[in-house]
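Structure record follows, encoded as structure tokens.
In this document, chain identifiers A, B, C and D correspond to the written order of the chains, with residue numbering beginning at 1 in each.
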Amino acid sequence: MSESLYQEIILDHYKNPNGRGLREPFDAESHHTNPTCGDEITVRVTLDGSTVADVSYDGQGCSISQASASVLHELLTGSDVQQAFDVEAAFVELMQGRGEVEPDEDILGDGVAFAGVARYPARVKCALLSWMAFKDAAARAVAGGEAHR
Amino acid sequence: MSESLYQEIILDHYKNPNGRGLREPFDAESHHTNPTCGDEITVRVTLDGSTVADVSYDGQGCSISQASASVLHELLTGSDVQQAFDVEAAFVELMQGRGEVEPDEDILGDGVAFAGVARYPARVKCALLSWMAFKDAAARAVAGGEAHR
Amino acid sequence: MVHQMASPLDVDRVRKDFPILERRLAGDRPLAYLDSANTSQKPRPVLDTIAEHYERHNANVARAVHQLGEEATAAYEGARDKIAAFIGAPSRDEVVFAKNASEALNLVAHTLASGLAEDPWYRLGPGDEIVITEMEHHSNIVPWQLVAQRTGATLRWFGLTDDGRLDLSTIDDVINARTKVVSFVHQSNIVGTINPVSRLVERAHDVGALVVVDGSQAVPHMPVDVTEAGADLYVFTGHKMCGPTGIGVLWGRREVLDALPPFLGGGEMIETVAMEGSTFAPVPHKFEAGTPPIAQAVGLGAAVDYLSGLGMDKVHEHERNITAYALERLRDVDGVTIIGPDTSTDRGGTVSFTVDRVHPHDVGQLLDEDGVAVRVGHHCARPVCLRYGIPATTRASFYLYTTSAEIDALIDGIERVKRFFW
Amino acid sequence: MVHQMASPLDVDRVRKDFPILERRLAGDRPLAYLDSANTSQKPRPVLDTIAEHYERHNANVARAVHQLGEEATAAYEGARDKIAAFIGAPSRDEVVFAKNASEALNLVAHTLASGLAEDPWYRLGPGDEIVITEMEHHSNIVPWQLVAQRTGATLRWFGLTDDGRLDLSTIDDVINARTKVVSFVHQSNIVGTINPVSRLVERAHDVGALVVVDGSQAVPHMPVDVTEAGADLYVFTGHKMCGPTGIGVLWGRREVLDALPPFLGGGEMIETVAMEGSTFAPVPHKFEAGTPPIAQAVGLGAAVDYLSGLGMDKVHEHERNITAYALERLRDVDGVTIIGPDTSTDRGGTVSFTVDRVHPHDVGQLLDEDGVAVRVGHHCARPVCLRYGIPATTRASFYLYTTSAEIDALIDGIERVKRFFW
């Protein structure tokens, strides 16, 4: 049972998160909360031309929301901005697919481990929290950013 | 079936009401309505010492409410005030008895025909309308009245 | 007299779905239920859905990570999807569950009166006018009277013509630049009239007023598409459309629902709460404080499935046929006067009438002794009785399970009433 | 570990009355339902009563002279009698049906804020103070925040002590001559605390304030006599006490209910309606606009019969035993912290706790995989979480059907959670 939601990969990211902590300099920051469960996350995006140079983050919440942020960091750091938005879109599609979307490991990497979460409507928001914050921050960074240097 | 509610006696009083019409002089008047069904009645009481010299009335409503007023007139006109209140109390008791009170014909006369009405909660108010108005008017007449002469 | 009537519905089969229609009344009378405008009967699939919900899926919604909670939430929100589809709502989020139509109408009236809307346009005050009609149900009169009293706004209304229609001859005066809200009934619950929604919507929107339509007697009986109707807010009630008691619906255009401030405060309608202040959830949850009528929404979803399965166009056509037959027969009864439109044009299956020299209470009571269940009184629309100078009416109202034999029983009953009282 | 616990109830038999307790969840897990503070399960007699009502007696109430209408009215008003008796109400007319506890609380708040009361004392305004507590359910916070915003009255509240009790050290300051309303929860839905009703009532009445008690978590679990409690208004909700969703109760002293102006306007709550103005029915109908939740009231009547049949004192004792056992076992679990009173004194069977280094969502999700249904989050009492500096809690809540084996399953589940996440 539990394996469907809490894949080993998710637990690994939760226990040993990648790239956690807020770093400077950054181009834009976004803070998102999930009022029903109190989860919150802050995401900072640093660009280098059209490359996502860094995604740094900090927050509190359940394993799903925290592991998801770690996966996000791993997948998007170093990628092209447009490519990052494509990955983001693919992850959102997977999460909103009620378990009926087949994830593409080439695009989503460790993100495929969240496929099972899509079957738990109450947890989809947790998985998406950091991605929504990233989307926000990245869009603003692209649009000129606030350049906190 | 229908006999239980619409006793012949009730129909007779409905079709040929006794003492209908408002008369003068009178000592007190009371107007009662039943907002749910629009029934209304005006009752006037005239005393002569401690005797109810006349009960006159007018109104509109269903057969039960109109017949009940006719019976009231018949029973109470000419009786002693205290006795009238006793009859009124007996009638109220009968109506509120959910069909389980045995009416006393010596006291209630034609009023016993209303025994079946007590089993129809929606109609009890109709039967009581004129009696409530009488009680009101008589109490005020006894207390000095307004003497409309 | 047995009258065979063509119907697009297989009425015999439909009737088998409604257990209560087999009920024998006191004295072993069969039931002819002609009181569906008051509340409809409930088909087996609705009752089974409610029972199964409680027996297998019962939990609170939107709060739980456990399986029952997820099932209950899916059932409740699934009902919202069904109802949105049933009325052609552009978005499921525009469907708000209330306890009945009355609460839904009060929600609109109260939020406009509260003064809490951010946009001052949505705050009623002195100088503003509210327009209703003389044929409204009390639930679309009293809330506006109370609101006028609280805010200083003025209440105006359309009168009725002798044949039971809205008198719209003064429409350009009654709905004018001061009008903020126009609220009226789609189909009258007392005289059966179907009102010209588009004409009223057009004039109201010309002057920038908000249109509220009370569809309590329309949605159960005809296909209704809220966008086609053109109203800004549209209200109906579950128990009159094969659903359970305890559930009503407010549909509103997203923009309007967003602009209205919250009504009832409490659990579920919040975004975040601190002692110092709170913020509110987006619609529809903003208007759903506390534990909602969960099983009732689920039951209403099943009702909507049932009606859609038969086809609302067929339900409507069946009722038109029955109504035409009833009007035809009633017109022939000596001493009977129909209150409201006496032809089938623009009217639904609700027929009010009087019987000369017999009070409606007596008519209803004697009909009951024949097993014919009608409603008597002012039908929560007393101004209509005042308008026509009568204390009350007898009202027969029809639905998808009504047969011409039941109409015949009604007519026979009226003849007996006359024999008895005349 | 199997623990045999003495109980005044025959819990095995009680459980057989609740069909859902036999439900097998996904993966063929048995259900351990520890979420009764959220909503309770429903016993067979309640479900049967509702089904029978719809199948045999369904009609609208208070409006019909026909047999079904009389039966439905008798059933609905009979439910009022039962509920009045259950809470020791001096008069059946003091029992008002609402859709849930939230509506009942809003009714009180809205009518005090509307400015429509004849007696100016019942109109809140600037300078008036409303007192609540930091442990209220959002449904007893948000309505008063909105009312304060509308009327200019000031909202004040009692804080909490570290062990989950009301901090009444400042009672004479918080409740003072300016206080118009004191509204507080009888038993907390998040920390389980039972509050000292009499002490608060005494102080409130000393300064002439109105007392509203939210008994949503009390009436289901202990014998409650509203006159003994001494409140002026007392609120509870059907779905937490074996009844259906869609029904709540407001009890109020006659004098107070009479003084409050109407809330929702519409059918049933009127005396007489004309376009120019209306008058209102006496209580309880004054507050029951529109078709009431008829079948739901009837179902709640059956719930009250069911609970009375078992004896509320026995239900209460059973829960005390279960709670004592749960607290004892939870105290022994490494990494678990109980939020709120950790002894059985003055507390009910609702236990919130945290597990070190594991977010409540994860606790709840893993417990669900064992079939143990608990609630996680802020339980519509977010200020309590803020007060104790935690984002959320895991909450296990008990009822008459809860067994010690289910507590054992909870404890085993928590151990598994730790193995999984630590």
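Everything that follows uses one rule, which is that a residue touches a chain if its C-beta (ideal position, glycine included) is under 8 Å from a C-beta of that chain, and two chains touch if they have at least 3 such contacts.
Everything numeric here is computed off the predicted structure, so don't read it as measured data.
Q: Of all the other chains, whose mean CA position lies farthest from subunit D?
A: B
Q: Report the inter-chain centroid distance for subunit A and subunit C in whole angstrom, where each centroid is the mean of the CA atoms.
A: 47
Q: Between subunit C and subunit D, tell me the centre distance in angstrom, where each centre is the average of that chain's C-alpha atoms.
A: Centre separation, subunit C to subunit D: 31 Å.
Q: When the C-alpha atoms of subunit A and subunit D are each averaged to a single point, how far apart are the two points in Å?
A: 39
Q: Please output the residue numbers of subunit C that touch at least 2 other chains, ranges allowed.
A: 26, 63-65, 69, 270, 272, 361, 365, 376-377
Q: Tell me, which residues of subunit A touch at least two other chains?
A: 36, 120, 123
Q: Spell out all pairs of chains that touch, sorted by label.
A: The set of touching chain pairs is A-C, A-D, B-C, B-D, C-D.
Q: Okay, in this complex, where on subunit C does subunit B touch?
A: Its residues touching subunit B are 26-27, 358-362, 365-366, 369, 376-378, 385, 391-392, 420-421.
Q: In the complex, go through subunit C and note every residue touching subunit A.
A: Listed in rising order, the residues of subunit C that touch subunit A are 62-65, 69-70, 73-74, 270-272.
Q: Please give the residue numbers of subunit B that touch subunit C in the complex, ascending.
A: Touch residues, subunit B against subunit C: 1-2, 5-6, 11, 14, 36-39, 60-64, 120, 123, 126.
Q: Enumerate the contact residues on subunit A facing subunit C in the complex.
A: Against subunit C, the touching part of subunit A is residues 33, 35-36, 120-123.
Q: Write out the stretch or stretches of subunit C touching subunit D in their complex.
A: Going through subunit C, the ones touching subunit D are 19-20, 23, 25-26, 31, 33, 35, 38-39, 41-42, 47, 50-51, 54-56, 58-60, 63-69, 99-103, 105-106, 109-110, 114-116, 134, 137-146, 149-150, 155, 157, 237, 239, 244-248, 262, 264-270, 272-275, 277-278, 289-296, 361, 364-365, 367-368, 372-377, 379-380, 382-383, 386.
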